[in-house]
Amino acid sequence: MDDRKERFNRVQLRDSKQQEMLVGSTTPFLKDAWRRFTKNKGALVGLVAIAVIFLFALIGPYINEHAYNVLDKIHINLPPRIPFLEKLGIFDGSEGNYNPYIEKGFTNDYFWFGTDVLGRDLWDRVWMGTRISFYIAMVAVGIDMVIGIGYGMVSGFFGGKVDMVMQRIVEILSGIPNLVVVTLFVLVLKPGMVSIILALMITGWISMSRVVRSQVLKMKEHEFILAAKTLGANSFVILFKELLPNIIGQIIVMTMFSIPNAIFYESFLAFIGLGLQPPLASLGVLIADGYRAMITHPHLVIFPTVVLSVLMLSFNLIADGLRDAFDPKMKGF
Amino acid sequence: APAKEETEQVLRIAKDNDVSSLDTNVATDGLSFEVIKTFTEGLMEYDADGNIVPGVALDYEVSADGTVYTFNLRDDAKWSNGDPVTAADFVFSWRRLVDPALATEYSYMAEGIMIKNATAVIKGEKPLTELGVAALDATTFQVTLDAAVPYFIQLMTFPVFHPLNEAFVTAKGDAYAKSADALLSNGPWVVTEWTEGTKIRVEKNDTYWNADEISLDAIEFLIIKDYQTAALQFENGEVDMAKISADLVDRYKDEDFFETKKLGYTWYVAPNQLVAELQNENLRLALATSFDKSFITESILHDGSNVADYIVPIGLATGPDGKDFRDGAETFLSFDAAKALEYWNAAKAELGVETLTLELLVDDAADTKAVSEFLQTEWQTNLPGLTVTIQVQPKKNRLQLMRDGTYQLGLTRWGPDYADPFTYLGDLFQTGVNYNYGRFSDAEYDALVQSTAPGGALSTDAAARWAALHEAEAILLEQAGILPTWQSGEAMLVNPDVSGYEFHVVGQPSYRNVVKK
Amino acid sequence: MKENRILEVNHLDLSFRLGNEVNHVIRDISFHLNQGETLAIVGESGSGKSVTTKAILGMIDDNGFLGKGEILFRTSRTGKEDEIVDLTKKDKKYMQKYVRGSKIAIIFQDPMTSLDPTMTIGKQIMESMLEHKKVASKKEAMAKTIQLLDLVGIEQPEKRVRQYPHQLSGGMRQRVVIAIALACEPDVLIADEPTTALDVTIQSQILELIKDLQKKTGVSIIFITHDLGVVANVADRVAVMYAGKIVEEGLASEIYYDPRHPYTWGLLSSIPSLDGQDEEIYSIPGTPPNLIDPPKGDAFAYRSEYALEIDFEEQPPMFQISDTHFAASWLLHPSAPKVDMPLVLAKRIAAFNERRSQE
Amino acid sequence: MTKFIAKRILLSLATLFVILFILFLLLQFMPGSPFNDEKLTAAQQAVLMAKYGLDKPFFIRFWIYLQNVVLRGDFGISYAIKKDMLVSGIVIARLGTSVRIGLQALLLGVSLGVLFGVISGSKRNTWMDSMATVAAVIGVSIPSYVLALVLSFVLGYKFRIFSITYQVDQPLWSSILPTIALSFFVMAQTTRFLRTELIEVLASDYVKLVDAKGVARPKVILRHGLRNAMISVITILGPLTVNLMTGSLVVERVYGIPGIGSLLVEGIQVNDYNVIIMIAFVYSALYIFVNLIVDILYGVIDPRIRVAKGG
Amino acid sequence: MSANVLLEVKNLSQFFRIDRHTTIRAVDDVSFHINEGETFSVVGESGSGKSTLGRTLIRIYDAHSGSVTFMGREIGGKLSSDSRKFLRKNMQMIFQDPMASLNPRKKVLDAVAFGLDINHLSGDKNERLDKVVKVLKSVGLSEDHLTRYPHQFSGGQRQRIGVARALIMEPRFIICDEIISALDVSIQAQVINLMRRLQKEHGLTYMFIAHDLSMVRYLSDRVAVMHLGHIVEMGTVEDIYEHPLHPYTKSLLSAIPHPDPDAEKDRKRFVYIKGGVDYNIGTIRQLSDTHSILATDEEFSRWQQNDYSLFLK
């Protein structure tokens, strides 16, 4: 041991900053959440997948010489054929033992995802459909969020009689079969994008409002809400400035979950014939149409289903990731 | 489950919809009539070649003016409870059909064949007994019409005119025809099982007078709404006959069990002349000739349907010359893009527009949707400056909109009620007629058609009437009062072991001669 | 391991992985527990008290891992002779079967959340008896449960066994948690802040109860708290923990009447004195260090007014003050300058000593 | 408890009444009429409307309907789907099948879901967890009709293991495929929810205490973890159960099941008012009933609620 | 003496209706006053109604009945907007859980300036910043902390932010609801020192809610002992700690642990027998100018004779 005397000199207390070592990281909440989010492999995969799908939805239709709405009376019902891959024996344009490209002499044609009964290029249609599905999801979710959050916050925050009445309404709304309401809606208005979105609005927000309400109920007992009250904050300020930022994590997670729901719902409407007006085609419409020919031309249903499933899978993965990232209990991970 | 060992001949048919009623007077849909025909028999029946042959009637006489028909009934016709089938059974059934208390939807058929006083009875202005039907004795049934109806006899095969056993029907009361045991049969088979939403089974009726000629022991109508499921069931040998949708044709078109047949439906686009632009004949002609109908029939539907450059379908009616109405007849409004463009340019000039937007109203069925998309592109490509939007609606709504005249272009179809061109030309396109969705109106056309109507000037002169009908069709189509599109077909999978299946363009298929190996 | 020791922790290191970083929560910690005694571990929040006990039970969270060090435990499996096992070497299965609940039991801090809300308290108490086959039948387990409830001072135990946690008050729940811990007559009882969540009146009852139980069963207790009043009440020996290290260890009287580490001084001084109303209470400035990047040398030096230069360079070793008293502070080094403890504390100790000498 | 249930039932009846009224009102706005056959003339339509009293003013119709339902249990007749037949007969004939298949699917889905959920929740971040999570996410990502058809194509057609269509005379055997198809979503949902909940519950203090008692891991997970985690899983199972029991249109269609899901859609398509209302009514009643059950179940699982509700 | 009464509470009650059968009488007919500049402490076991009392005073809850006069104004009944503003400005509250009482999504700057913002007192941006910095400094935090989030602070620091938030309104009266219970011993001292310093600097009046009786003794002028919604004994620190009369007070005092092993070894503890006293039939009796107690005649005479056999064990 080094026993030099001077090492035992007393030291003046260092300045207070050094003593007050801050605990926790200095990153703000959202950044922190983002960091945790990016640690989640599944979520990242989901994010990347969505980015890729989004990119394809943007540029996909333009990167081949076909178009989503141009009929081609010759090249109908062709299975997928992709250059290079065809050499591997996949996507070589054959359907069972039959290769219409060869039989019909379309040896120079490549339809990456095949074509439909009107000879439209499925690749383009799938990406255009993805665009619409994105669009529907976003709009529906946006509106759903506005109503769901508003409803849930008011119901949860004011409690008492207000809550009781609002919850009764929710109960009645969810007691009526969705299908009845939605179909009537679509029938009364003209079928189409607007109706679908409105239809989604009728009941789509209920689960969001439930989540928000329960979060608000939990949050409003927190002392910082009381503190805001003692400082004279009115309900509006408390709801939007104090509560909302604190449940935003839950809301984002819920939103992520309702995106696939909206997409799914639209495809269900398409299945029962209440979908979009042609030639617009969402993924749901493509699948519903392709479904009818599934045992004949499986490519018509496989591609849109794969894209839809990957989309849903990704949103779900992201939702899961976000839930973990926003969960304060997971702090530090 | 492994296929069952078959000791009896059972024909299993997959059906894409359910029956709505097995009450002969009340039923309205195809399948219901089809099933009803297996367990009831009318005065007349079709034979294998589509000829009208006696059923319960042995023969009939018709008065010179064609307004009184007297049927002699066979005396060995029996109900499945042992009662004989009598003239009174027909009287009962026909009166029931027009009974305002029952208010059946198909009572209009009684009006259509102009049974005396039918209209007044239906309205409740006259008692049931005033209806022009009478049982002269147990085996003689007489019908009095207001005018000669050329297709009267042929309609006697239609189930609504089949007999009913009064005692049985009254005894069952409200329960009549609501379940298998509340039905009585006078036909080849008898209903033994009717399971909600799943299956109807009819078994051989031993009391049927002609039972010996019937080979099938039972027929099962299996309700399988999904065509693919039905097709897979067929491939698995679980059903013998299955209708398939256009989407599945590619899979089966080369198989020996694949069949197509022509139906009596003609699909057409009805331009609504309440819409100012569509009153322009050139525009209608442009629209009518600017799409490739063969693509619809060959590529979209490929189920045996036919390009329709006409409105009265092939195989509907045979003329006095013994030839089909279409045989040698003119065609109209064939696809001709160049001509269409000329019409279009003319129309644009007349309307003083360069661009135009029209909306096409269609059913939400898969086929019609695909066709509408095709029409849309064809029109937009071949008639530059035209924009077509599509509005898809469930069928009921589509009909309502068209009936109300609140549409522009509507894709619709008509199914014949009887084997006569009048079912199209008379019932559809006269001025002010219910089903004249597009409000087509032409005085000359009306006059011609009137003359061919029951009781019209030509109603007893078959040849002249035929000519007039041809002429009327030409008037309608030359000004593109409607835009004929295609005549329906149907693709089916039929077990090669099954033979003797009889299909009729008008009326129901018959299983009387079916044999299953 | 010495004869009278039941548990000995030697040079234990424990860290948690936090993303890319590693939090060195327990750093080379050593202490022991004698048979039948109560060892109190005190230290401020986050100093690693709970983690240490969890390490003993082999229950550290998934992201934690042990470094060097051993945890020796004197145990006997029925019928066999005592053996000394190193708990760090044992797998989960062993811990579950032969240690947790049966040999070493724990009481958690918060009685409100420590009980399964969906199960009657009777079942929760019986669970470990049945699991460790301490009883022959359910009936016997029930009888014993009722006895236990009686023992921890719950009235009408026959009725209570069928009740659910929410039907009991906080104090009663904590008693149930204690009953659970005692169910298998463990050799060691770890009480991790068993009274912090309770109010004073109930706290004092629970403390009496624990002491009483120790008298009756002879169980050895590790008592964790940051309340020095409580420690004074229950502890035979005290270990003061700071930033993942034991900085001072000794008999309770040694810690209270002759504290040597400046951190212990700080702790003791920050309790308001009963009379001196006008002075400021002594408070330790600053906050505990971040152990992701532990300071070199003495972790307390940054907050200590007694810091020496060497504190910032080298970690102090444990200096022995008496047979039982140790402290890790360079101030105890012979070369270190003489320093006086804070005045309030000195005064208070003087008062204590005076009173002691009077008695 | 009885008082609580009685109160709930009264409340439910009030809710049902409101729902019935709303449905009636909604149908009022439905375009078209049940007598909309393309061959029907306007005059005939009017006759039919009059025959069935559909020409009467809204409130009178509602009042008559209400009387019929309440006093006679008469839900009216079908106008189009099964002409003049009692709607109750049709619906009840189909309801049994729907409910049975729904419950089968629920049972299968929840069992598998619980199994997977427990595995992935307790073996977090292992390959088993990843597998179960991926399976669960895929389960909620594939449209059910595609799944249904794939199942019948592969298992019913290619390998001929199961019957492709539902057969009334083999109700169990032939409902295996639809049961699987329907259970997928339930399974996936249960897995996901259970996993999240279980992770939370397993991290709770009371589970830590059970761990500290030296209870074997499987018992910890099943006895304490699962039980507590199920409390919130039940919330999502409630509505799901109703949806299952009232039949999935899609699956019914693919397998030719005579259920009420497809009947409802058909009813809507042809404006068969009484059919729509009765099915909707049954749905609502089931929904309310199931929620009641869920609330009671809560009480069984979670004693805190039992007391709070004053049982 | 009445000249410098800051807050006067008369017969204040606060009931919570749970359902038709149960009403919790959280605060039940309580009367007391608080003098300008003093620290008035309320002690009692958990659930005795301390927080409810504080929250009712600051009007988080509307009182069930009773009157409250604050700085000469009646603030018990319906508040005019003017009175409300007055109340917000002059009366503030600090909460128990330093983490829960700060909005985790708000930076320190905004958290502290919140009261100014809401009441439109902040002036322009710089003025606002100046005010916040000033108050932060006075609680021992620095400008560096302005842009940080609550979770980045230690418990003691967070509590100081809470103090700053209340202080920025420049109130006369602060209700401190168990502000140190959640803190470590060493940190407790920091906060208490801070509070005392602020009191001196700004002439503040505190109502201090706590169950740590040793801390209460250290910093209070007068103490009220609450039990089951009632104030059972009230007096100066000396009255309560040196001459307690009520058995509940005695049991509380006997439970305080002392950091002195020897003393602890032979302590005698009293356990208050639940239900021993029915508070609703007792009346307030004055033992001295400053010392009062809730008791019936009989109880009062027994206790004065030091007969606690019915109440303590």
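A, B, C, D and E are the chain letters, set down in written order, and residue numbers restart from 1 in every chain.
We take it that a contact is a pair of C-beta atoms (placed from the backbone, for glycine too) under 8 Å apart; a residue touches a chain by one contact, two chains touch by 3 or more.
Since this is a predicted model, take the numbers as computed values, not measurements.
Listing every chain that touches chain B and chain D alike gives A. Distance from chain E peaks, on a Cα-centroid basis, for B. We define each chain's centre as the mean of its Cα atoms; on that basis chain C and chain D are separated by 53 Å. For the pair chain A and chain D, the distance between C-alpha centroids works out to 25 Å. Our note on geometry: chain B versus chain E, Cα centroid distance of 89 Å, whole angstroms. For chain A, residues that reach two or more other chains under the stated contact definition are 20, 22-23, 187, 294-295.
Residue positions of chain C touching 2 or more other chains: 285, 287-288. Contacts with at least two other chains are made by residues 228, 232, 394, 397 of chain B. Checking each pair of chains for touch leaves A-B, A-C, A-D, A-E, B-D, C-D, C-E. By the touch criterion given at the top, residues 55, 58, 60, 84-85, 88, 91-93, 95-97, 100-107, 114-115, 118-119, 142, 144, 148-149, 151-154, 157, 162, 165, 169 of chain E touch chain A in their complex.
Chain C meets chain D in the complex at residues 57, 59, 62, 92, 95-97, 99-102, 105-106, 108, 110, 113-119, 124, 127-128, 131-132, 164, 166-167, 177, 180, 183-184. By the touch criterion stated above, chain B contacts chain A in their complex at residues 227-228, 231-232, 245-251, 292, 295, 299-300, 364-366, 369-370, 372-374, 376-378, 389-394, 397. Across the complex, chain A is touched by residues 18-19, 63, 285-290, 301-314, 330, 333, 335-337, 339 of chain C. Residues 69-71, 73, 76-77, 117-118, 187, 190-191, 273-274, 277-279, 289, 292-297 of chain A are the ones that touch chain B when the two sit in their complex.
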